[in-house]
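Presented below are the structures under discussion, each in the form of structure tokens.
The two complexes that follow have chain A in common; it is paired with chain B in the first and with chain C in the second.
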Partner chain A sequence: MNWKPLPPVLLLLSSAAAADVAVIANVRNPLDGLTGKQVQDIFLGRTRSFPNDRFALPIDQSSPLRSEFYQRLTGRSLEQINAYWARILFTGQASPPLRVPDDAAVLRTIRENEGAIGYIDKSQADGSVRVLLILP
Partner chain B sequence: MKSDTTLMGCLLLAVAQLAQAEPPRLSLKGFGTAVAVGSNTDRIGFRRDLSQEVGARRHGGFDPDSRFGLQLDLDFGDAWHAGIQWVARSHPGDFVEQNLDWAYLRWRPRPDLDVRLGRLGFDVFWLSDYRNVGYAYPWIRPPHEFYGGIPAYHFDGADIAKKFGVGDGFLTVKVFGGRAFYQVPAALSQTFDSVSLLAGGSIVYEQGDWRARLGYVHTEAQSDPPLQGLVAALHDPRVRLLWPGGVAVADRFRVRGTVVQYSSLGLGYDDGSWLAQLEAAYIDSNLPFYPSGANGYLSLGRRVGPVTLYTLLGIAETFKDPVPVSQPLLPVPALVGFRDTVDAILNGNGIDQKSISLGVRWDLHENIALKAQWSHYWLGQNGTQLWQEPFLGSTPREVDLWSVGVDFLF
Partner chain C sequence: MTMATRRRHIHHKLARSVFWGTTLLAAVISVVFWVGELKRSSDKTAVMLNQLLDTVESTAAIAAYSGNRQIGEDVLKGLLRNDIVHSAQISNGQGLELAVVRSTEVPRQDAVVRLLHSPFADGEVVGRLKVVPEARFTLQEARHSALVGALNSVILIAITALMVVGLVRALLTQPLVRVSARLHDIKAGDANRLEALARHRDDELGQLVEDINGLLETLEEKFTAEHQLRQEVQGMERQLRGIFETTSAGIFQLDGGGVLLTANPSLGRVLRWPAGIPGQDLENPLDNWLLKRSADGFFALKETV
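After this line comes the complex of A and B, so read on.
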């Protein structure tokens, strides 16, 4: 799509709309990082623990970043993710990740729970959480 | 039924005690489907599965596929969970009891181990415990040749599932057992209260976009169909005088103690754009009204944006030699009619069906999907058990079926 050089204002807008997504965990989480597949396994409920066998609590959010996150992580739309979870939820196997409103709420939850893992706009990540993966 | 009540009582007590220990996190969710389905014939009625009595015909209807489900989930910390699901759907059985598909307590002592006790979904094939959740699959309904033959939706008992990391994927091994009570439409009466004991298991391997499943279930019938009047008539001295061969088939109406075994394999692929799924099963049955058979389906789909186009091929064949039913010595009309009824009940339960379907799913909005599907069925002689058949008389060889509907979650 972007063959022609864009004016600087449009470039800024497009980078804002497609900000990097940071996958974050509690600072006390000893992991240095996770691969995309490992994050996918946790957020799709295939595993309920981190690679070091500690209990993982995935935190989802209701903002527009949700669609970006799943598209980049899994290549799937929210409709597909919801259909996937409908099968698991309505067969009594597991419930989808707990959902909080936005980045601020995710940050708060991650700081309070040692096993929590969430995602936020990369620009919101600070020293109070550990970044495990950047989804460009 | 007493053991069910005791089990449910124990579960309620356990849930109440858990609730005192820690305030539970409560969630109410649901799903629904409204589908209009119709065919090009009035000679046979389309039903979704054997649990239904009234099928859709030329003028169409909403009954076979429309349903509405509610699920209440209670979480007591990380280890304990209780769930209840009730699904309103059309069938002649008890509307309250038969529609309660899940009511269980789940214990998760470790992140990779689940133990559930209570009423659980009937997990015989891939989709069988979420047949009602249309939003979760692309088709308008689960493949008819494969899922139309299963009238049971749940059982009361327990299951244990353990997950293992194997290679890059996950292997889930599940075993279950219990007692199934379900009501199915029966010849010559309203419903047959069917009770069976069952035990089975499944192995599922998931890796990336691939999913494979092996399953096995063993069931043993504990009840007889309501045909005592018919069996008594076959033994009646006056009937035996004019139709001595009739009594020879009287034992064929016994169901109690007979065994049905379901073995299946499935393979699925979904990379977000392309999807493919196949399942094949062999059903080994000693049940006189449910002959042994094999069935399978293959589906391919392509997703472009919010639209999924799919095709589905299905086949089901029963293997059964007809039970010979002799003629009365004298052609007394009433007796010939009785003989034909006996013949129809014993021999009119085969399945010989193939179909091709083309369909589209359009994800209109998050949690709302519109679907449309056209199917063409080829039906063999004496092979229309999945449909609402005329009790006596001929059935069409080919049927076109159209369906349009909407699936939603909330």
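After this line comes the complex of A and C, so read on.
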């Protein structure tokens, strides 16, 4: 049997799909960690604060990691998440999280805002942010 | 003097019976229909409410999950646009308490409650949607269905009854009236007979006409036989009377007390009765004789004989 090497693009996608997602917050945030449900409530607009009652600012991103994040967090597809926000957005009473382009932009925003919370590829997390949850 | 009784027709009696019978039946059917329809309509309303809740459940869940009043109000307003909803309420236990109610005074009905689950976490209850059905709608449905059912029954029964009355009139009453009229024209012992009814030769009316004709036949035969017998008796009576009156022997009849009841003229001649005594009066000898005889005369006559 002859094995053919996989195309580089497919290898890259496979690698991205397998990566863990880290939910991060500002390093000055006193929380040690959050549960999946707490993160879900923050990112889906159910609550605007952390469990310690501090204001929470969720930071979303436009990269392919977004789909992975919501899939692991809620078990729902990105289309379902968008439909959910479309209904809420229409009422004018709430809006989806601020969206930035990629992990680097998320890291920058988190560092600059004490109440910010976002998600990045686990491999991108460093000591400048506090990891609150790992979504395997 | 007898008063003429008003004749009543069978089909009129039948029509009255059918009318009251159908009226009672229609009333009973209406009540049964109404009770059944009320139950059916109530069940139907519950099914429709559940279908309605199925439709709005996901949106209501989003409202409860996110605490979004606007979405919740939209859901409740949409629910209240349906005639089967009397009131609707949504709550999430975290400050969202919305309710709408229709301004109708209706008896309370059991509410349908739907637990709202999180759109994102399976099994997590995030709120409750409660809907009370509109009793007026249920009643209207039941009343309408019962009325339609009763009307259908009445119309069907009335048509059937009219057909029965018409058929009875055509097939029974009128032929019977014709038979009766013809029977009135026939005298006892007459040779006339009833004519066979067209279209009724093979049924009970044809059998009745045949039986009546048989009876008339028997009656005529009896009359004829009786007439002949009477003539024979009269002939024999005349013959015996002739013998009684013309025989040379004296014939008489006494009752148990010895009273002379009758005697023929020859007895008078034998006993030499004067002229004018009974027995010589050939027109009515017995009456004349009995009127003129006394008991003393009888005993004198007895001793003489």
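Following the convention adopted for this analysis, the second predicted complex is superposed on the first by the 120 of 136 C-alpha atoms of A that agree within 3 Å, B and C clash if a C-alpha of one lies under 4 Å from a C-alpha of the other, contacts with A are read in each partner's own complex, and residues count from 1 in each chain.
Basically, a residue touches a chain if its C-beta (ideal position, glycine included) is under 8 Å from a C-beta of that chain, and two chains touch if they have at least 3 such contacts.
Everything quoted here is computed from the prediction, not taken from an experiment.
If you put the two complexes together on chain A, you find that chain B and chain C bump into each other. When the two structures are aligned on the shared chain, A:Gly45 is found in touch with chain C, with no touch to chain B.
In the superposed pair of complexes, A:Phe55 makes contact with chain B only, with no contact to chain C.
In the superposition on chain A, A:Asp32 makes contact with neither chain B nor chain C. After overlaying the two complexes on the shared chain, residue contacts for A:Ser95 are found with chain B alone; chain C is out of touch.
Put chain B and chain C next to each other and count what each touches on chain A; the higher total goes to B. Of the two partner chains placed by superposition, chain B and chain C are both touched by A:Arg87. Of the two partner chains placed around the shared chain by superposition, neither chain B nor chain C is touched by A:Glu112.
When the shared chain is aligned, chain B comes close enough to touch A:Ser77, but chain C does not. Put simply, of the chain B stretches 166-174, 184-192, 382-390 or 400-408, the part that bumps into chain C is 166-174.
Touched by chain B in one complex and by chain C in the other are residues 37, 46, 74-76, 80, 84, 87, 91-93 of chain A. Interface of chain A with chain B (complex): residues 37, 41, 46-49, 55-56, 74-80, 82-84, 86-87, 89-93, 95.
Those residues of chain B lying in contact with chain A across their complex are 27, 29, 31, 69, 71, 73, 75, 78, 83, 85, 102, 104, 106, 111-112, 114, 116, 120-121, 123, 129-130, 132-133, 135-137, 161, 163, 165, 168, 170, 206, 208, 271-272, 303, 306, 363, 366-367, 369, 409.
Taken together, the chain A residues at the contact with chain C in this complex read 37, 40, 44-46, 73-76, 80, 84, 87-88, 91-94. Considering their complex, residues 59, 62, 65-71, 74, 119-122, 124 of chain C touch chain A.
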